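Once you scroll down, you'll see the structures, which are given as structure tokens.
You will see two complexes here that share subunit A, one where it goes with subunit B and one where it goes with subunit C.
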Partner chain A sequence: MSVSVSNRGGAHIVTLAGEIDLQTSPQVRDAVLDSLRQGGAVVIDMGGISYIDSSGVASLVEGFQVARRQGVAFILAAVSPAAMRVLQLARLDKVFAFQPDVDTALAEGI
Partner chain B sequence: MTEAPVIEPVIEVQDLVTHFGDRIILKGITLAVRPGEILVIMGGSGSGKSTLLNHLLGLLVPTSGRVHILGQDINRISGQALSELRQKTGVAFQGGALFSSMSVLDNIMLPLIEHTHLDRMTMEIMARMKMEVVSLAGFDALMPAELSGGMIKRAALARAIVMDPRILFCDEPSAGLDPVVAAQIDDLILLLRDAMQMSVVVVTHELESAFKIADRICVLDQGEVLALGTVEEIRANPNTRIQNLLNRRIEEAELDPEEYLRRLTGQSSTKEGP
Partner chain C sequence: MPDRILASLCVPGRAESLRLIRGMVREAALARGATAEWAHDLVLAVDEACQNVVRHGYGDHGLSGDVIVEVTANGEGLCVHVTDFATPVDPATIRPRDLEDIRPGGLGVFLMRALTDECVWEAPPPGAGNVLRLCKWLPKNSREGEHT
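The block that comes next holds the complex of A and B.
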């Protein structure tokens, strides 16, 4: 699993790749919450994720809740069908904001 | 020409024999569970299905034979490896096995507290997500004594899946529930399998439930696999014992007068074989 953070168009882009599971999700949580602490919108680029478990999704839920409190955008971009199934199971597909890719998220979502 | 990839079973049981004292309980069970499959183990009381489940969970040591879970021999691995394996499996026990002194949320979070170092908030969100899945949203603070039978079963399921296991074991998930709630539990098991690609082993004597959820059914009788096949194959199986089970006909056990007399007078040898 890898996680990297960059800045584009005034937003933090958190790029995730590989398997997000019980061992690796704390890194995702740290990156998401650190980005939110610095202020500004956050886009999670999920295009490189091969697997995400409930702990990874929970980290995103926590980030989304913090973003809402701060009044900033929090967008999931390039979510794979497999990851979407995990989100749908807990009906989170009706909660998060989605965009097909980071460019669209930056252009339309924030 | 390339050959199709071999799909390794997630569970493999080979010639499993077990005794309780002198009494033989399982007489050479062989079966396999494929990835993403729902296998229902059926049988009447005393058929050995609960004993088989306990072997699959690594709670019993067989007389002979082996049980492989996710490629590992569950009776020959280290304690550490067994602990890691248990993180990849979830069990919903028949009576729920909830801790009466803990709230529903704390019960569901328990495997995460035991096995992970996740942040408390992450664990709470994970547990609440699974409570949403099993329709227990908002019941965080209730104690097990305040739950109905169906809610206890659902809480047990939520706890069993809180770590996204690769294999889910369910012991009589719908026993004792009214038909509507039982059907909801069946639907939930199907949903979990489809959404999380879990393999599921269900032990039940509920025919309707078995036919609804099973990809394959294993019929146990007196410690032996009487039949193993799809729902259609089991329904069409001409074996009298299976048809009796399916049609809820009572089967009179064959009586050996000599052995019966010895049993009544306490002189019986319960050992099998010559």
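The block that comes next holds the complex of A and C.
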């Protein structure tokens, strides 16, 4: 699993790749919350994620809640069908904001 | 047809073991003829069960111990038994949380039940703590002995 953070157009882009599970989700949580602490919108690029479990979903929910308190955008981009299935089962597909890719998120979502 | 053991694994009940468990369950499901999507759902259910053991069975009590994961095939699909050596829990106290309550955590039991056809805590054998049986049935045209 890899996590990287960059800045584009005033937003933090958190790019995730690989499998997010109980072992790796703390890295996701740290990257998401660190980005939110710096202020501004956060886009999570999920295009490289091959697997996500409930601990990974919990990291995203925590980020969503912090962003909502701060009044900044928190967008999930390029969500794979497997990840979307987990979010739908958890009824979070109606909670998060989604965009098909990072460029669209930056252009239209924030 | 009788149950047939496809794969079995005994690993330390730690987060680092989960990837290995997922790989075994995924390969067993694919070898049995499951689609990638079907295999993903069983893998996720088993992963959630095992991480509950790691986090709550052992972690919450400062304990360490093994997890045994056994995949069996029968005429309807696959069953996975997850055995731990933690303190036995009363299955009646294990409930999924309300999904209307949007908060981090607490999704594991919900996913285990949503992704399988059976999710049952069995009486553990002597020396074991808890045994969870997760079963998922294959589509009828994918079952052993049945062909389209």
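One rule holds in what follows: the second predicted complex is superposed on the first by the 110 of 110 C-alpha atoms of A that agree within 3 Å, B and C clash if a C-alpha of one lies under 4 Å from a C-alpha of the other, contacts with A are read in each partner's own complex, and residues count from 1 in each chain.
Please note the rule applied: a contact is a pair of C-beta atoms (placed from the backbone, for glycine too) under 8 Å apart; a residue touches a chain by one contact, two chains touch by 3 or more.
Treat the numbers as computed from the prediction; the structure is a model and nothing was measured.
Visitor: With everything superposed onto subunit A, say whether subunit B and subunit C fit together or clash.
Guide: When both complexes are placed onto subunit A, subunit B and subunit C end up clashing with one another.
Visitor: Between subunit B (first) and subunit C (second), which, if any, makes contact with A:62: first, second, both or neither?
Guide: both
Visitor: Which partner chains sit in contact with A:102 here, subunit B, subunit C, both or neither? Use first/second/both/neither.
Guide: neither
Visitor: State whether A:54 touches subunit B only (first), subunit C only (second), both chains, or neither.
Guide: both
Visitor: Once chain A of both complexes is superposed, is A:22 in touch with subunit B (first), subunit C (second), both, or neither?
Guide: After superposition on chain A, A:22 lies in contact with both partners, subunit B and subunit C.
Visitor: On the A-aligned overlay, A:88 touches which partner chain: subunit B = first, subunit C = second, or both, or neither?
Guide: first
Visitor: Go through subunit A and flag every residue that touches subunit B in one model and subunit C in the other.
Guide: On subunit A, the overlap between the subunit B and subunit C contacts is residues 22, 53-55, 57-59, 61-62, 85-86, 89-92.
Visitor: Would you pull the subunit A residues touching subunit C in the complex into a rising list?
Guide: Residue list for subunit A touching subunit C: 19, 21-23, 51, 53-55, 57-59, 61-62, 65, 82, 85-86, 89-92, 95.
Visitor: Quick check: in the complex, which residue numbers of subunit B touch subunit A?
Guide: Going by the criterion above, the answer is residues 87, 115-119, 121-123, 125-126, 129-130, 132-133, 162-164, 191-192, 195-196.
Visitor: Quick one: in the complex, what on subunit C touches subunit A?
Guide: That would be residues 15-16, 18-19, 22, 37, 40-41, 43-44, 47-48, 51, 54-55, 99-100, 102-105, 107-108, 110-111, 114-115 of subunit C.
Visitor: Flag every residue of subunit A that touches subunit B in the complex, lowest number first.
Guide: My answer: residues 22, 25-26, 29, 53-55, 57-59, 61-62, 85-86, 88-92.
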